Amino acid sequence: MKESDRYARGWAKLKEIDGAAGERVIDFLNDIAPDLGRYIVEFPFGDVYSRPGLDLKSREMVTVSALTALGNAAPQLKVHIHGALNVGCSRREIVEIIIQMAVYAGFPAALNGISVAKDVFAERDQQGLS
Amino acid sequence: MKESDRYARGWAKLKEIDGAAGERVIDFLNDIAPDLGRYIVEFPFGDVYSRPGLDLKSREMVTVSALTALGNAAPQLKVHIHGALNVGCSRREIVEIIIQMAVYAGFPAALNGISVAKDVFAERDQQGLS
Amino acid sequence: MKESDRYARGWAKLKEIDGAAGERVIDFLNDIAPDLGRYIVEFPFGDVYSRPGLDLKSREMVTVSALTALGNAAPQLKVHIHGALNVGCSRREIVEIIIQMAVYAGFPAALNGISVAKDVFAERDQQGLS
Amino acid sequence: MKESDRYARGWAKLKEIDGAAGERVIDFLNDIAPDLGRYIVEFPFGDVYSRPGLDLKSREMVTVSALTALGNAAPQLKVHIHGALNVGCSRREIVEIIIQMAVYAGFPAALNGISVAKDVFAERDQQGLS
Amino acid sequence: MKESDRYARGWAKLKEIDGAAGERVIDFLNDIAPDLGRYIVEFPFGDVYSRPGLDLKSREMVTVSALTALGNAAPQLKVHIHGALNVGCSRREIVEIIIQMAVYAGFPAALNGISVAKDVFAERDQQGLS
Amino acid sequence: MKESDRYARGWAKLKEIDGAAGERVIDFLNDIAPDLGRYIVEFPFGDVYSRPGLDLKSREMVTVSALTALGNAAPQLKVHIHGALNVGCSRREIVEIIIQMAVYAGFPAALNGISVAKDVFAERDQQGLS
């Protein structure tokens, strides 16, 4: 496989999952750390999210739980709640995942996760998205 | 609902997911903090894992990713990899989830998660479990 | 004990400790995750903070130190600095706890904790609270 | 104040709180990083634990909660559970503090904290300590 | 050595590394926790950054990586990216360090670190600093 | 560039930095998650450590500080202290980096880092390495 294939596959996957929000992350990096943007396209999206063995909806669900539990990545949690909804998660499932994190990372992590979800749901209401 | 119903429901759910390993956690707490054992039965299992809105396999998958990402809860990760396999996850799916955590929590977290999974898989091989 | 007793006890404890700020947290959850709000009333407040064996002032002090050390839960730290002051801590004791966290979680955690405390003290000055 | 006073005050405080276990930490550092040992005597013990404004029992309690919540400092949690008991905490209070951390840092943190406390209590039983 | 020497040495080091931004941190603490400000001058700057055995540029580089990896100390990361640039790091080196943290702490930590660096570089452009 | 070049470059870099210890990590993954091993060769080593803009010694130093600060990756910290020494760091510099982490991540993180360094230094003494 050529490197260029890996980038192309990652870019398609990024757009499938995150849409315009994903592109904005890459754009944000362009003037300061374009290679970090390239790595994000190539490794998480071109390599990991493109793997068989776990469906895309499950991949987004486990990312939402991990970012909620870590508790220090609100901007990325926002992108991935959008992503999870884009690939077939319901809002109900998002809320269930975040509630469950109270068990493993404590109530503050769950509360802050719900706060991010609330913002995402409001944005999607305005855009007419489920 | 009576409190006793909540405990009974949690105990059944704990045994469904974690089997004897779950019971050993509760036993371990019996002489020093029995109420913590009771809370574990009642809140995570009686309340959260018993909720509708997210299937049990998904609940275990998001717990495996969160504990891998947090990286400071190896004993609990072990119990929940067993639990995930007990409720329908494949070993392949466990490995995929842990690999994906390299993206969100770094390669050390993924490597240490794989190390726990390797121990769990070896234990299950000895017990003739999938 | 009936479930409803547990909720009532938790609600009373929540109001004793956190006053209106605690109620606002529950309200915030009402439209998106009301069960998380119910769990917060029932488990942390109805179960844990209602336990004998440790006085309420000490319970709030150990929460302030833990949230300062974790460093990723500023909104909850704010609520619990208010809570600690509401149940008998002095501002001096709050500051001492946060300074001590420099030893265990590093100076950035302590600095960010002091920043939250400064906001809380200013709010209380405006409200004429100690 | 002379530097030597600061060290002497810290050493006395270290021995008051942690006894032989504290000395062993300093000894452990002697051949590889003696200045880190000196800093531990001078800053945490000579400066922070020697401050007025918060009693020593409370200082140890907030350290136990913070180390339980952080979840990556088991050796230090062990030393400070001993320390807390040495300066007037009861075993019951230690258990209460750790249980409460389930709320703020999740059940795995609380379980791993209880596991450390169980070891400490067993050591003290053997030594005839409360 | 007298205590006053330690403070003087720390203050000089703080100004050498962080300039006015460092002084603002100490000022911020003056009305609420002046002793924390004094400890910051004395211990990190008077003791640690004044040590031989590692050059100042390297000391700032390892601080930038650690704060990026921890991911919960954005204000301090900002101060230390300024500090690193003040003592001889290039912007390119800062970006390289932060990109590398994607490996050890995950892509969200690296992205949030780059976001802080972008703000710092913009501030320095306005001030005509390299 | 072809993918195979990326792997080859990463493998050479891995061996340059970590020697046999790096190979053992990849071997360990072979039966359970060989693709994670491949990613480690390709992304951290083939992409990141192979970048210009920051010398290899500095790259290892910032990894040692980050892993010390995170505090939940002792096996990886061990590999990278070896790596840092292999590419030109002195033991003194390693100790300085770890001591400095007391400032940013607290004394427990520094103590646990020193404990890992002590093991590494003893291993290298036995092997006649600097």
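Just so it is clear, A, B, C, D, E and F label the chains in written order, and each chain counts residues from 1 on its own.
Criterion: contacts are C-beta pairs under 8 Å (C-beta built on N, C-alpha and C of every residue); 3 or more make two chains touch, one makes a residue touch a chain.
Note that the structure is predicted; figures quoted are calculated from it, not measured.
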Furthest chain, CA centroid comparison against chain B: E
Furthest chain, CA centroid comparison against chain A: D
Centre-of-Cα separation between chain F and chain A, whole angstrom: 29
Distance from chain F to chain E - Cα centre to Cα centre, in angstrom: 24
Chain A-chain E separation of Cα centroids, rounded to whole Å: 31
Where chain E touches two or more other chains, by residue: 35, 39, 43-44, 51, 67, 69-73, 76, 95, 99, 102-109
In the complex, chain B residues that touch chain D: 25, 28-29, 32-33, 35-36, 39-40, 44, 67, 70-73, 75-76
Partner chain B, residues of chain E touching it in the complex: 69, 102-109
Chain B contact footprint on chain D (complex, rising order): 70-72, 95, 98-99, 102, 106-112, 114-115, 117-118, 121
Chain A-facing residues of chain B, complex: 43-44, 48-49, 51, 53-54, 58-59, 61-70, 73, 76, 92-93, 95-97, 99-105
Residue ranges of chain F in contact with chain A within the complex: 1-3, 6, 35, 39, 43, 47, 51
